[in-house]
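Both of the next two complexes hold subunit A, though its partner changes from subunit B to subunit C.
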Partner chain A sequence: MSLLRVRGLKKYFGGSGWPRRKAPLKAVDGVDLDLAAGHTLALVGESGCGKSTLARAILRLHEPTGGEVWLDGTPVTGIGRAALRARRREMQIIFQDPYASLNPRRSVGQTLDEPLSVHRWGNRATRQARVNELLEVVGLRPAMANRYPHEFSGGQRQRIGIARALALSPKLIVADEAVSALDVSVQAQILNLLNDIRERFGVGYLFISHDLAVVRHLADRVAVMYLGRIVEEADTADLFRQPRHPYTEALLSAVPVPDPTRHAGRIVLPGDLPSPSAPPSGCPFHPRCPKAVARCSTEVPALRTMDDGARVACHLV
Partner chain B sequence: MSADRPHSLWSRAAQRFVRDRAGMVSAVVVLGYFLVALTVWLGLGGQDWGVLGSDSFAPVSAEHWFGTTRNGQDIFARTVYSTRTAFEIGLVVAVSSVVLGAVFGALSGFFAGSWLDEGILWLKGVLDAIPFFLFVVAVAYSLQGHPLAMHVAMIATFWTTTGRYVRGEVIKLKSMEFVEAARAVGVPQGAIIFRHILPNTSHILLVQGTLVFVTAIKAEVILSFLGLGVQDGVSWGLMISQSTNEVTAGFFNNFIAASLAMFVLVMAFNFFSDALQDALDPRKVSA
Partner chain C sequence: MTAPLLSIEDLDLRFASDRGELHALHGVSLTVGEGEIVGLVGESGCGKSITAAAVMGLLPMPPARIAGGRIVYKGQDLLTLSDRAMRRIRGPEIAMIFQEPMTALNPVFTIGSQMSDVLCRHQRLSRRAARLKAIDWLNRVGIADAGARIDAFPHQLSGGMRQRVMIAMALSCRPRLLIADEPTTALDVTIQAQVLELMRTLVREEGVAMLLITHDLGVVAETCDRVHVMYCGRVVEQATTRALFAAPRHPYTRGLLECLPRIDGAAIGGRLPTIPGTVPELSKLPPGCAFAPRCPQVQADCEQAPPPVRALQADHLAACLHPVSAS
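Here is the complex of A and B:
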C-alpha cells in the first residue's frame, strides 16, 4: 500500500469574474501520483509548471479544485477543518526560503514547540526534551533554542525548518525546493541530513526540485511535470539512462556533464512555457516539441503505463 | 553572537535606540514630563490649580513661580496639572486607537478581499470622510457634554491610519512561508493572525502609538480652545483659551507657560518617535 496516493488532483485559480467569466488558470490539471513509505519521489519541471502548487494542494495548504489525496490509506481531501488539522501531524513541509520560513519574532524553541503544543503532545517538560532532541537530530545544539532566527546562517535556518517538520514524526515530508536557496556546500550537508532522516525515521519524501543533479542523488523515482500535468514518471536510474518523453530528454540534456570530451547534444527548446490559463490544444508540449507530429496538436496523450512500470504521456512512445 | 544569550529583535532595537543621541535626549524629556504627570496622579503636585487667589496677574515670584491668571490662579500649578491631562488624553487615545487599528487592520488584511475586509474598509472610508471637528462636535453633542466625548471622537477617527498600515503589512506577511508553515503545522487561524502575524507589525504599532499620542495632545489643545475639549479640570488648551483675554491686556504668562509646555513635549515626542522608527526599522534589524 502506498503512503501517498494522489488521484486526478486539480488546482485552478480564478475562473470567476463579472461581467465576463475569466478563463481559470489551471496550475495543476489532473495529477496522479503514488509514493511508497520511506521512499523519495522527486517532482521536477521548469519554473511555473505547477510543482509548488501541486505540493500545496496535496497538503491542502491550497484547497484543491478537484481530485483526491490519500495518506496512509485514508483520505485527506473531503474531510472537515478540524479533522484536517488533526491529520497535519502526518504530513509536513520544508520550504525553499530559510529566511522567510521562520517567524523572526519567535525564538527557535518557540518555533519548534509550536507543532507539539498545537497537537497537545506531552507536557511542558517532555516537549522541552523533544525540542532538544530535534535540534540534535538536525545537527544543532540544544542551547540554541533560546536564539532567534536572525542569529543563524541560511543552512542552520534550513535545519531548524527541517526540525520543525520532524517535530510530530510525520509520515510524509514535502520538500519544496528545500536546498535551492543554499550554497552548494551547504546543499550537500542538508541533502545528507535529509537522507539520514529518511533512514532513521522512514519518512517518505515528495522532493520538489529543478536541480536534476540533486534529484538523481536523492530520489528513488522521478515525476516530470509540464504545464500542470505529469508527462513522464519512472525510476530514477531508468529515467536518467533512457528518458522517453521528448520534454524529459530536453531537460536532461541541459544537465552539464563533467567530461570535456563528451559533447552531449544539447536540446534547446524554442519559446517559453505557455500560459496555464490558455494551454495549447492537444499535447500541451507540442508547440515546443522537436518531434511533434500532426496528431500532437489535436489529441491529448494519455499517461500510459509501460512494461517496466514507467508512465509516459506521449503519442510517439 | 558569541554566547548562547538570546538577542531578540527588541534587544537589538534597544541597543540601536540607546546609540541615538537625539532619541535619548527626547526620551529623557518625555520621561520628565511623565514624572510630572505622575506626581499629579499621586496627588503630590498641582492639586491647587483651581484655587482662586486674591491677586490677579501677579508677576513671577517665589510664591507663584509662573505668576497668576486674571482670576489669581497659580499658573505653575495649572501647567503642572495640565501635564496630567495631556498624558491622560494621549495615553488613552493612543492605546485605544492603536489596539483598535491593530485588530481591524489585522482582520481586514488577513481576510483581504472578503466581505469583512470590504466592511472595515467602508467604515474607514466613512470615518475619514467626515471632517474631524464636525465629527467631534457631533459626538460631543450626542454624548451630552460627557467628559470622554473628545476621547471617543479621537479614538474613532485616529485608528484608521494605524488600521491602514497594519492591513498592508499583514497582506505582505500572510503570504510569507512562516505563516504557511504555521498552517501546515495545524495552528488555528486566530492564533496565526494574533500570535504569528500581528507581533510582526509591532514596530508599526509602537511608532503609530507615539504619533497618535502627539496628535491627540495637539488636538486636545485646539478642541479645548474651541470649547469642545476638556470639560472638567484644566488643560493647556483651556489655559491658552483663557489667556486670549489676558494677552489683549498685555499679560503673557498664562499663554507662554501653556504653549511652551506643550511645544517642548510635542517636539520631544516627535524626536522620540523618529528615533523609535529608526531603531525598529525591520530592514535594519535583519542587517
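Here is the complex of A and C:
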C-alpha cells in the first residue's frame, strides 16, 4: 500500500471573480501520484510548472480545487479543520530558503519546541529532551538550542529546518527545493543527512527540485511536470538512461555536465515556457517539441502506463 | 607572448564595517587574453563578484578600499583613471551582464529606449539610427518579432528574453571584454541552454573576450577555455578547463568536484563525499591557508602562513603547499 496516494488533484487560481468571469489559471490540472513508505519521489520541472503548488495542495496548505489525497490509507482531503490539524503531525515540509523559514526572534530551541507544544506532545521536560535529540539527529549540538538563527550558517539553518520537520515523527516529508539555496560543499552534507534520516526513520520524501543531478542522486522515482501536468514518471535509473517524453529528453540534455571532454548532443528547445494562464491547445509541450506532429496540436495526450510501470503522456510513445 | 587584454595583479580589497575592516580580496591575480573565455568559480562570498565589480569600477568607495594591486586593461591601470575616463571604458571597452536582468533593466523605460541610450552615448548615433541598430541586435540575440518587441517594457518579457536583451545591450557597443556575472543562474535549465549557446556563439563571432563568473562547474566545463577557482578572497587554483577537470591539484577544487551529484556518473544514490565544515567568515580567517580547517590533507605548515600561488605545471597554478598529485 502506498504511503501517499494522490488522485486527480487540481488547484486552480482565480476564475470566479465578479464582475467578469475569467478563465482560471490551472496551476495543477489532474495529477495522480503514488509514493511508498521510505521511498523518495522527486517532482521535477521548470519554474511555473506547478510543482510547488502540487506539493502545497497535497499538504492542503493550498486548498485543492478538486481531487483526493490519502496518507497511509486515510483521506487528507474532505476532512474538517480539526481533523486536518491532527493529520499534520504525519506530514511536514522543509522549505527552500533557510534564511526566510526560521523566525529570527525565536531561539532554535523555541522553534523546535513549537510543533511539539502545538500538538500537545509530552510535557515540558520530555519536549526539552526531544529538542536535544532532534538537534543531535541533524548533526548539531544540543547546546545550540539557545542560539538564534542569525548565528548559524545557511547549511546549519537548513539542518534546523529539517529538525523541525522531524519533530513529530512524520511519515511524509515534502522537501521543496530544500538544497537549492546551498553551496555545493554544503549541499552534499545536507543530501547525505536526508538519506540518513530516510534510512533511520523510514519517512517518505516528496522531493521537489529543478536540479536533475541532485534528483538522480536522491530519488527512487521521478515525475516530470510541465504546465500543471505530469508528462512522464519512471524509476530514476530508467528515466535518466532512457527518457521517453521529448520534454524529459530535452531537459536532461540541457543540464551542463562538469566534464569538458564530453560533447553530448544537446537538444536546445526553442521558445519560452508558455504561461499557465493561456496554455497551448493539445499537448502543452507541442509548440516547443522538436518531434511534434499535427495530432499534437489538437489532442491532449493521456498519461499512459507502460509495460515497465512508467507513465508517459505523449502521442509518439 | 602578447600582453593579455585584462590583467588583474595582486588586487587587495578591503571593506570598512562596524566590526572593523574586512579583508575581501587577498592579492587576486588573473588574466584574460584577447578573445579568451575565462571562468571565475567559487562558492558564495568567495569574492568572485566583487572582483568583477572592481574591474568595472562599480564598488562604492568608501566603504570599499583598494589597498594594493593593479587592474591593467590594454596597458593602462584602470584604478588610476578618473570617473570621466572610466565612463569611456565601461560600455565601449568592457561591458557587463548581471544575474538578474529584471533589476538590471529600468522598469519604466522600454527596452528600445534603454538600448538606444547606450548606442547614442557610446557610438554617437542619432536616435533613429540607434533604434535601427537596436532592432538589429535584438534579431541577433534571437528575439522573434524584434521590431515590435523593442517597444516592450522589461516586465512584458520573460526572464530568458530579458537576459537576451542584456546581452544585446552589452555587445551593441562592440566591447572587447564582456564580464558576465552568473548570467544564467536565475534561468531555467532549458532557457539556460539557449542563453549559453547564444553567448558562446556571439562571443566567438565578435571576437570578444569573456570573464564568466559562476558557481556552476558544469557551466564552466562547457563554456570556458581557462578557469580560476576562488576561495575566501584568493585564487587557489588556475588552469585550462581540461586540465582542471581532468586533474584538480588544489584539495578544495578536488573536493568541490567530488561532492557534486552527477547527471552523467555511473553510481546512483549512496553517500556523497563532502567537504566538512563551512566556509569561514571573512572576519575570522585562519592565519594560514584559509582552507586548512576543512582540508583532508592538511599538515602543520599549512597553518603557518597563506600558501603562495605557484606553478605546478605549465599553465597550472595552485596555492597549496601539498597539492593533490596529478595522476
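Things to note:
Just so we're on the same page, the second predicted complex is superposed on the first by the 311 of 317 C-alpha atoms of A that agree within 3 Å, B and C clash if a C-alpha of one lies under 4 Å from a C-alpha of the other, contacts with A are read in each partner's own complex, and residues count from 1 in each chain.
Here is the rule we use: contacts are C-beta pairs under 8 Å (C-beta built on N, C-alpha and C of every residue); 3 or more make two chains touch, one makes a residue touch a chain.
In this text the structure is predicted, and so the values were computed from the model without any measurement.
Placing subunit B and subunit C on a common subunit A by superposition gives a fit, with no clash between them. Rounded to the nearest 10, the angle at the Cα centre of subunit A between subunit B and subunit C in the chain-A superposition is 80°.
When both complexes are overlaid on chain A, the residue A:Glu151 reaches subunit B alone and has no touch with subunit C. By the touch criterion stated above, A:Leu191 is placed in contact with subunit C alone, subunit B being left untouched. In the superposition on chain A, contact of A:Val317 is made with neither subunit B nor subunit C. When the two complexes are overlaid on their common chain A, residue A:Ser47 makes contact with subunit C while staying clear of subunit B. In the superposed model, A:His210 makes contact with subunit C only, not with subunit B. By the touch criterion stated above, A:Leu252 is placed in contact with subunit C alone, subunit B being left untouched.
In the superposition on chain A, A:Arg85 contacts subunit B only, with no contact to subunit C.
Of the two partner chains, subunit B is the only one touched by A:Pro115; subunit C is not.
Overlay on chain A (Cα): least separation between subunit B and subunit C is 10 Å. Those residues of subunit A lying in contact with subunit B across their complex are 56, 59, 61, 85-86, 88-89, 91-93, 95-97, 100-107, 114-115, 118-119, 141, 143-144, 146-148, 150-151, 161, 164, 167-168. The residues of subunit B lying in touch with subunit A in their complex are 1, 4-9, 176-178, 180-188, 196, 199-200, 202, 282, 285-286.
Every residue of subunit A that touches subunit C in the complex is listed here, in rising order: 46-47, 153, 155-156, 183-189, 191-192, 195, 210-214, 216-218, 236-237, 240, 250-262, 266, 268-269, 272-273.
Residues 43-44, 158, 160-161, 188-194, 196-197, 215-222, 241-242, 245-246, 255-257, 259-264, 268-269, 271-276, 278-279 of subunit C are the ones that touch subunit A when the two sit in their complex.
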